[in-house]
Amino acid sequence: MNVTITFRNRRNRRNPFIPIEAEMITPDAFFNNKEICVGEGNRTVHLNELADVGIEGTASSVDEIEILIRGDASLVKRVGEYMTGGTITIEGSIGMHCGNFMSGGRIEILGSADGWLGREMQGGEILCHGDCGDYCASGYRGGRRGMRGGSVEVIGSVGDFACEHIAGGDVLIHGNTGDFACAEMKGGTVTILGDTSRVCANMSNGTCYVYGCAAEMIPTFEKRGTINHEGLLFHHFRGDVANRGNGDLYTARFTYLQ
Amino acid sequence: MTFILSSGRTIPQGSFVEHKLSKGYQRATSMIYIHPLDIMELGIESGDRVHVTSDIGSVVLTTEATNDIPSGCVYIALGPYANAITGGYTHGTGMPDYKDISVEIEPTDDPVQTVWDLMEMIGGVRYGK
Amino acid sequence: MESRDVPCPFCGCLCDDVFVTVENNRIIGVENCCTLGNAKFLSKKRLKHPIMRKNGKWVEVTYEEAIDETARILSDAMRPLLYGWSGTIGEAQVVGVHLAEEIGALIDSTTSVCHNPSILAIQEVGHPGCTLGQVKNRADLVVYWGCNPIEAHPRHMSRYTTYADGYFIDNTASDRTVIVVDIRRSEGAKVADEFVQVKPGGDYLVLSALRAMVRGKSDVVPESVAGVKKVQLQRVADLMMKAKFGAVFFGLGITMSRGKYKNVRNAIELVSELNRRTKFTISAMRGHFNVYGFNEVLTWMAGYPFAVDFSRGIAFYNPGETTVIDLLERREPDACLVVASDPGAHFPKSTIEHMAAIPTVQIDPCVNATTALCQVQIPVAITGIEVAGTAYRMDGVPIRMKKVLETEFPTDQEILERIVIRIREIRADG
Amino acid sequence: MAEILLKNAYVIDPISGINGELMDIALSGSRIVEEASPKAEVIDCHGFLTLPGGIDSHTHYSGTKVNFGRYMSPEDMRAGRTARRGPMHITSGYSVPTTYGNSYRYSALGYTTLVEGAMAPLEARHTHEEFKFTPLQDSFANTLFDGNWGMLRALEDNDIKHAAAIIAWTLSAVKGFAIKLTNPGGTEAWGFGKNVSCINQTIPTFDLTPADIIKGAIRANELLHLPHSVHLHCNNLGTPGNFTCTLGTFGHVPDLNDKRQSLYATHVQFHSYGGSGWGDFCSKSEPVAKMVNLRPQIVIDMGQVMFGRTTTMTADGPMEFNLYRLHHDKWSNHDIELETGSGIIPVNYRKKNLVNSIMWAIGLELALLVENPWQCMLTTDNPNGAPFVKYPEIIALLMSKRYRDAEFATIHQDTEKRVPLPAIDRELDWHEIAVMTRAGQAKALGIIDIGKGYLSPGAEGDIAIYPLRIDDIDPSADYEKVIKGFSQTEYTIKRGRVVSRRGDAIIDGENTTFWVKPKVPAAYDMQHDTAFQELFERYYSVRMSNYPVQEEYLHRNHCIETETDL
């Protein structure tokens, strides 16, 4: 089944800046033939009011559903939340919380993603071609475990607190990260091809590679010498000692705030 | 010259909190505390006015020399003047950057604006005089 | 007439020993109070009648008209924001929360721009704290980190720490050690036994280093961390470990600087670590007299201390998304009600620009910076002077604010209740 | 006055001596009456099980500590959210629900009366504020005295009357109901990061042992003729081998009151542990239950643990710190000057965990081994052992050996060697469950006189009607039906009005706060005692005049005045 959702321009809506809460846009909901409603502020509206929805073909399992999102979806939140299979392709940019809790399937974003992409993700894949906001592949407030499985790849750069509380899965960031990437890391593998700052603060476990420079290194990591990884020389740190941590941080370069 | 600006509470700012449109509040919140060496470097004297510019905007403030702040840093009371150069981005935390803002400072003869002026610049309408 | 033991409606210390003299329904004397509280008790300026902007000009209107206009604005809105709350009592805050629930609004308080990061940190690691009297009676070591009690909470030191005797502290001058950590030599730093000057944005790193030292892992710490020499860090760590009861107080110096709640989290984890060796507590220096009260009220009613979005019929909370600054910055709200705070004076420019662009109503006794951004302002009685009710001190102790003056102004609570009733009428009329 | 006539109610009312009779009950206004007028609204109960409204004699649902449990746990809040519906407000929270959440969910289970387990006097106002927003249950507040400096100093001087006078002043001031001691002496020691390890160890800052405090408080309690006895959370909660401390404590309890027990020991499951460490941790429910069976002056509650996530919260600060060191999860602590402490940590009781499995068994064993159901109340020490929404499952476990065996097969396999549970065949009957969930509580709390816990004329109109026709159910086999039936009442009636119907709250509140005021002669009125005033003046951070909870916080309330022997 192919579902095409084309968001219309919202200039004629009362306030085009109100985000759309669209947790029902998942292959699962279309597979179960649900009536798709979304939140626009304190009103609930039918998705048809905001987008043209085209459905072609049928599906015998959720994995046979492909959703294509076109038009401006940069304020559309929670797309793909709890999805278990199928694919979602977003032609432009997508709003916050895309792929929260997803456990299977694939999301591809050709533009950029706002904050909390893949929050508390359990499985499946996310590929974002543009940049990503804060809290990419992170956890929820008060939660002790963030992303637990699956993979996230961001071709651009990500904001602050990327992979906060990560406990499993793989994350690959081609660009730079903001401050406090991999804070409270508990497991999983994160690879940052660009620069980062205050990386792996308070980590207790897991592995992080930084191909660029780790600025303002947390001063409580133990230096363990250098290693060769994919033909490059990396400094190996263990920590965070302040947190009785046993995580591994490999970075090509680093600086301290002295 | 580039400085790191932080804002915070001060006694004068606090005691005029109930009188936000008074001269006293204006004075208390448009004062920028700066190290004497930096004052010399800028070629001005304590009490002279400066243009303080961040990525967000620019505002005129009155300098006050003090040794309590390290050279290279400046400090201002919380208030409308600080806000004129503070951005609304919160890094996904809800809290804007009221501290550690990178600013450019240069001497000026321009006057310090009133709180009403600042409010009108962003689309407000003053009440009374 | 004289009133004893009046709680001061200024800061989160809620000093409840103020002596107020009233003559002809005016306060003519205030004793025991600090400069900040005095100014509030003796303040005379206020807005005398509701005002509304019509055709770009301010005009005086009746309470009825102002309330009707407010109710229309709110009932019409798709993403209304109810903001402020810290300068009023719990009884009014409760009505505000019910209002938010009923109209599917966003509700947030000044917490969002002061100790929001402290709450986020507490939600990650908890909060080893205590009431202020516990510090007064027991603490032989007090640490002020990124806060400035002399300027923001002027009686904190004399009531609870540096200058206060306590049950186990016979002589505060000799029995208590005071450490101040800040980026600048604040007034508090000048009276401290040890002043630690940190480079801006360096608090997190210094806290990590201290945690490692308390764990006995000094060897990993470099010679200098964020401008602080390792020898001084070791000295501070030793003082902390030697203390019988240590109390850390922290303020906006760490909540507002880079990293925000991660700084606070690290401070809390340092304190938790120290508890393995001795007794330590940590407390936030809360600002408005009842900022903590709003957190308490919203928590027991909706489950979260601030930044709640009721738009989908349940309570949703995610600071960074449902917090006032982010909402305004993204231009989401289409109406705003401000109660008992002054965002016009405290918010970044771009955010109040949006407030000025949408229908905004303020409930406040005084003309303030926010007045300029409003369509309507409804003046009310002054809480804690003309209105009695509940406030929560920075340590969670609830205190009943007193009424020392008679007034003809309605209270926040009354105005809010009338708005709720009017909204119901408008909705019933369809 | 509104009248209701309940027809065809199948009533079990242990206090009135009714054990399964089909009858009508008439209500007029807030009370049960002999008969209703023809105008009365008739509710046909279709032979459904009809009990006095449930009473939870030990639960944490209101006040500073509970609210901090919510405040620090957004992950718990999002786990139990419901939308606004009819007169029902939104609710959040699973293990520590919002006030409305507590109230609606308790009401759905048929509970009409709750006792807050631990109110710190200094923060009493907060507890009362939350009572107001718990609209469908009456509230009582156990008031913490374990580290009260005034009382400790009086006990140091062996001046019981003076201690009683301080208790009397404080209870009246903070609108409390009973004396609660939480880890007596231990919370004071925690002020400097220490604890006490047995009841005979002198505490660091006063020349007293926990045993002195407990014995003194019991005597003071009876001097004041308080409705309830001393309500004790024993020392050494949660430590292996603590049963000796529990037995030692019980051994000190005199029998001073012919209407009720002289000591109510709470969440005894957490105090019935054997072993010298976690390695040989085991159940000691048998000696503890045996002691209770021998001593009618003691009533206990279970403090049952059920598997899953919850939040632990207690005034026992040092115990929570020890838990934190075990779990290394988030930890909150809140010491209260001159009075007590508190701590909070989230926990997850897991079937795969041997210690947790043993804890689960111990609670059930206590309820089954204590012969007299009037001496053992059904609780989880909500939310410490489990959220109260688990009560129906606990009832079913107590009523069905088969259910217990089925559950036992799913827990840690080594449990069998450490607990006597598999060998216990007893299955409680409906009457015993009624005792353990309402009648026994009313008696233990001493509130039968004010109309609680029974259904005869004169009683408060608090009634729970469960969709259970008990003659058609064999609880031993049909335990699923028992769980379902107790999970949602057909009707919950509070003060003579239907407040909850099939799980939905339908009106907004009929609650009352009950508090005590011992009548004290002038010589023992602490209000004018200079030494007591000085304690405030010099050491408290609030003024004495601002300390009492004002009348404004008691919307509808009932003051229980007592004659004293001072």
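Letters are used for the chains, namely A, B, C and D, taken in the order the chains are written, and counting of residues starts over at 1 for each.
We take it that a contact is a pair of C-beta atoms (placed from the backbone, for glycine too) under 8 Å apart; a residue touches a chain by one contact, two chains touch by 3 or more.
Computed from a predicted model, the values in this text were never measured in an experiment.
Centrality annotation: C (chain centre taken as mean Cα position, compared with the mean over all protein Cα atoms). Centres computed as Cα averages put subunit C at a distance of 34 Å from subunit D. Subunit A and subunit D have Cα centroids separated by 45 Å. One inter-chain figure worth recording: subunit B and subunit C are separated by 22 Å, centre to centre, where each centre is the mean of the chain's CA atoms. In subunit C, the positions touching at least two other chains are 120, 123-124, 201, 258, 310, 312, 317, 319-321.
Touching two or more other chains at once are residues 72-74, 78, 330 of subunit D. Residue positions 115-116, 134-135, 140-142, 144, 179 of subunit A are each in touch with at least two other chains. Taken chain by chain, the contacts fit none of the simple shapes, being neither an open path, a ring, a star, nor a full set of pairwise contacts.
Listed by label, the pairs of touching chains are A-B, A-C, A-D, B-C, C-D.
Those residues of subunit B whose C-beta lies close enough to touch subunit C in the complex are 4, 6-11, 14-21, 29, 33, 56-57, 67-70, 73, 75, 78-80, 83-100, 115-116, 118-120, 122-128.
The part of subunit D that touches subunit C in the complex is made up of residues 64, 67-68, 70-74, 77-78, 81-84, 89-93, 97-101, 122-123, 125-126, 129-130, 133, 149, 190-193, 205, 321, 324-325, 330-338, 344-345, 538-543, 545-546, 550, 552.
Across the complex, subunit A meets subunit C through its residues 14-15, 17-19, 21, 39-44, 96, 115-116, 134-135, 140-142, 144, 179-180, 183-184, 198, 201-202, 216, 218-222, 239-244, 256-258. On subunit C, the positions that touch subunit B within their shared complex are 10-11, 35-36, 38-40, 43, 45, 51, 53, 56-58, 112-113, 116-117, 120, 148, 150-152, 154, 183-186, 189, 197, 200-201, 252-253, 255-258, 260-261, 287, 307, 319-321, 323-326, 328-329, 342, 344-353, 356-357, 366-369, 371-373, 377. Contacts from subunit C toward subunit D in the complex involve residues 4-5, 7, 16-17, 90, 94, 98, 101-102, 119, 122-134, 136-138, 159-160, 165-168, 244-245, 272, 275-276, 278-279, 281, 295-296, 299-305, 310, 312-315, 317, 388, 390, 392, 396-400.
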